[in-house]
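Sending over a structure as structure tokens; questions will come in a sec.
Chain lettering (A, B and C) follows the sequence in which the chains are written, and residue indices restart at 1 in each chain.
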Amino acid sequence: MTAGKRKERLDRGIKVRTEGIYTLSSWREMIYLVAPRLVLILGLLIIPLLLPSSYYQKLICIMCIYALLAISFDFLTNFVGLVCLGGALFMGVGGYIAGGLNSAFGLSPILTIPIATLGGAIICTVLLLPCLPIRGVYFAIVTLVYPLLLLKIIEATRILGGTDGLPGLTTFPNIWIDQYLIIGITILSIFGLRRLVNEDIGLLFRSIKDNDQAVKASGIGITRYKALAVFIASGIGCLAGAYLCHLYAWVGISFFALDFSILPIAAAVLGGMGTIAGPFLGAAILVPLSEILRALGGLRIVFYALILILIIGIRPEGLFNYFQRKYHQFEHWIEV
Amino acid sequence: MKVMRGYLMDVFVYGLINSVVLILMAAGFSIVYGISRLPNFAHGALYVLTGFVTWIFLRKLGLNYPAAIVLALAITALIGAAIYQFFLVRIRGMEASEIIGSFAVGLAIMESLRWRGFIGHGFAIPVFIDGSIGIGGVIVDFQRIIIVGAGLAITVSLWVFTHYTKIGLSLRGIAQDERAAMMLGIDSDWTAVISLALGSALAGLGAVMILPMGNINVEAGYNVLIFAVAVCILGGLGSWTGTLIASFLLGYAQTLTVAYIAFHYQMVVAMAAILLTLILKPSGLLGRQKELEERV
Amino acid sequence: MSEESFLQVREVSKSFGGVKAVDGVSFDLAKGKTLGIIGPNGSGKTTLVNLITGFIRPDSGKIFFKDKDITRLPPHIIADLGITRTFQIMRPYYTLPAYKNLIAPLFSPRVKRTSGGKFGERDSVAIDLLEEIGFERDSYVPYKLASTLPLGYLKRLELARCIALRPEVIICDEIFSGLSMAEIATMIPLIEKLQMEGITIIMIEHRLRELFRIVDKVMVMNFGEKIAEGKPQEVMETERVKEAYLGIERRK
């Protein structure tokens, strides 16, 4: 028998030391824990001040929108077991509710955004209700089809502005509100969801994902909790859509476009699924990248699709998990 | 009275044709799922791809029509097999990844075609035989009759194939009980490759039959995927008989909608079919109930 | 309501495709008693459990619990009424510590009802449950990741999931399978404790010797039918049962 080598991964000392209350005993340990989160928050808050022009500032806003869609995708898919292929559904519903209210009744964003978020979440949950009691693949199919369907209906019936959409909506007072509003929402969503999945109810969601038969056998009606999860995720998505329509002062059928369904998935897969923060990282990479590639036009979607294929096929854990592993663990070769 | 009978006859004949069109569209997806439990969301993409490849062979390379079709089908079948062999095989078993992954592949194909300029009304492949005849007072062009004939032929040959040939029987064996079949020496990966090749070829076959009736455009890819999925859910994922019955139900529902309401609502009908099925009988008309409820 | 009518199964049948998985099975179970269901593999025992607990709907027949017709009720309602079950193929939540696996059941309405409104934090309730079940409290065992637990503990965890619900009936689907005799010996007191608390138990098992020591009566199934019912000794002497298990040929 030849002696071989294998990789062994061990938690770093500092990780182990920070696992309990003993963290508070030293600055170094506290920094170890807090640093990544601080970097994220401070980074996001400072970046708008550093950007040279409004072009880049709008880019940050778009990035956050995609990040919101990506984290709600991650939440639904990896913490509840519902594969959501239709981020565009939330964008469109949220966008049209906010845009419609603004255009028809002149309501200001302060009203339209919350109404679109809650109302949109209710509508999306109701639309998706039939698939909730059953196996996940149907949810995937239905979420995929809805945006395409709604797009065609609006196109065909010409309601809500038809192919031209609803122009001339109210925008935010200035570019700083543009950015900090969405950045604030993004930060809250990331940390909020991360907190949620570790709370008791989050554990219930994860139990439903892992073994819904056992949850049913424990006397819990699965459908209502799945509906709650869909409500939360679609609320975030509709919020993003409502925000976008006021950012661009316009809402149209492109809100239902595949871009909003596919890029969040690619971002989540690239960034690292199952982490909530990973998809944010993925969006932070893909959105600027796709801007650079804007010249390629429709090829962008091909690009996202190819990234998806590559990551799923080769390194499914994604970037965030990779970095997290490096941060928390070190590896070395040992003799077998 | 005579006018009304003519109208009903219209609905009857066109409903029939529409139903067979749906069978042709759904066959590939149904077969792949039925045999390998793989939801092949690249189905629509393979459909339009065959159309465009046929067009290229016909118009750009000047091959004669039958050769173009045969070659295009062969290429599509190969591509389908390749999709499995190089990609799907790695994510087999993880349903979420299968759907996302196959959809991503389909997306890559369709959007590449769109980007390459295959949009607009410039692309069409000709019908097989020109002209039309009257059936019971309804004028039907030959292409549509060929479609119905093809649908019949496909159904019969599939039945013969899966009941009487060695390959077909092993495919059925895997479909019914994967582990038992594996213990008997039937390789599930190999059958998956075959089923994907077969499913892709069927998708392509449907394309070359149906596309001559109009233009080839990328949108058709998305539509076909949705219709195929709707038919298979309504009929029961994995049941070929279910697919057949569902095609007729949906086909007539769509024809009636077109006749009495409006053309655009075809997709709405498909979606309504999906949702109604999920609410009332999730496993579909003839779906294997075991799949849905027994997942322990 | 008579003594015998706690759980009543009447002529229940279920076919899959052409195969009759369960064929006209009937039995009664009195409150607080323990029933063992045995039979060769494929005789329909797990299907019967699925039928009783609502995971599958029977083609025909009825099931009554405390005189209430539960035949067509969905699984979570049946569990809410007090009938719980274990699963043969367990899938605990691997990335979570053992006690977190019990959080989900503690969400159910039944737990809220039967605890009379007073309810501590779920975490501590979960730990208490695990202690009841035999996880040593002051050790690190409840906090270990479920993926690192040995089989015996996993089986107990599965049972804990049922007990968390404060059930009236527990159906154990092959809970001894895969355990060594020593491990089974440590689980039996647990079952006996449940019996002393008055819980009605149904156990599907292949380990006959261990099973017969704790059941009140036994039911034998083969090819979906019930072929015998009664005290363990009597049942094992029946011709049909012997044939089923040992394939004894009748001599002409």
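Here is the rule we go by: contacts are C-beta pairs under 8 Å (C-beta built on N, C-alpha and C of every residue); 3 or more make two chains touch, one makes a residue touch a chain.
Because the structure is predicted, anything quoted here is derived from the model rather than measured.
Chain centres computed from CA atoms place B at the largest separation from chain C. Counting C-beta pairs in contact, the chain pair with the largest number is A-B.
Per-chain CA centroids place chain B at a distance of 45 Å from chain C.
Note: centroid distance chain A to chain C, computed from Cα atoms, is 41 Å. Averaged C-alpha coordinates give centres for chain A and chain B that are 33 Å from one another. Across the assembly, chain C contributes residues 55, 87 that each touch 2 or more other chains. Touching two or more other chains at once are residues 213 of chain A. Within chain B, the positions touching two or more other chains are listed as 296.
The touching residues of chain C, when paired with chain A in their complex, are 53, 55, 74-77, 79-80, 84-85, 87, 91-94, 96, 100-101, 103-111, 122, 161-162, 164-165.
If you check the complex, the residues on chain B that touch chain A are 39, 41, 87, 90-91, 95-97, 99-101, 103-105, 107-108, 111-112, 114-115, 222, 226, 229, 233, 262, 264-265, 267-268, 271, 274-275, 278-279, 282, 291-292, 295-296.
Of all the residues in chain A, the ones that touch chain B in their complex are 77, 83, 85, 130-131, 133-138, 140-142, 144-146, 148-149, 152-153, 156-157, 213, 258, 262, 265, 269, 296-299, 301-302, 304-306, 308-309, 312-313, 316. Contact residues of chain A toward chain C in the complex are 200-201, 203-204, 206-208, 210-211, 213-222.
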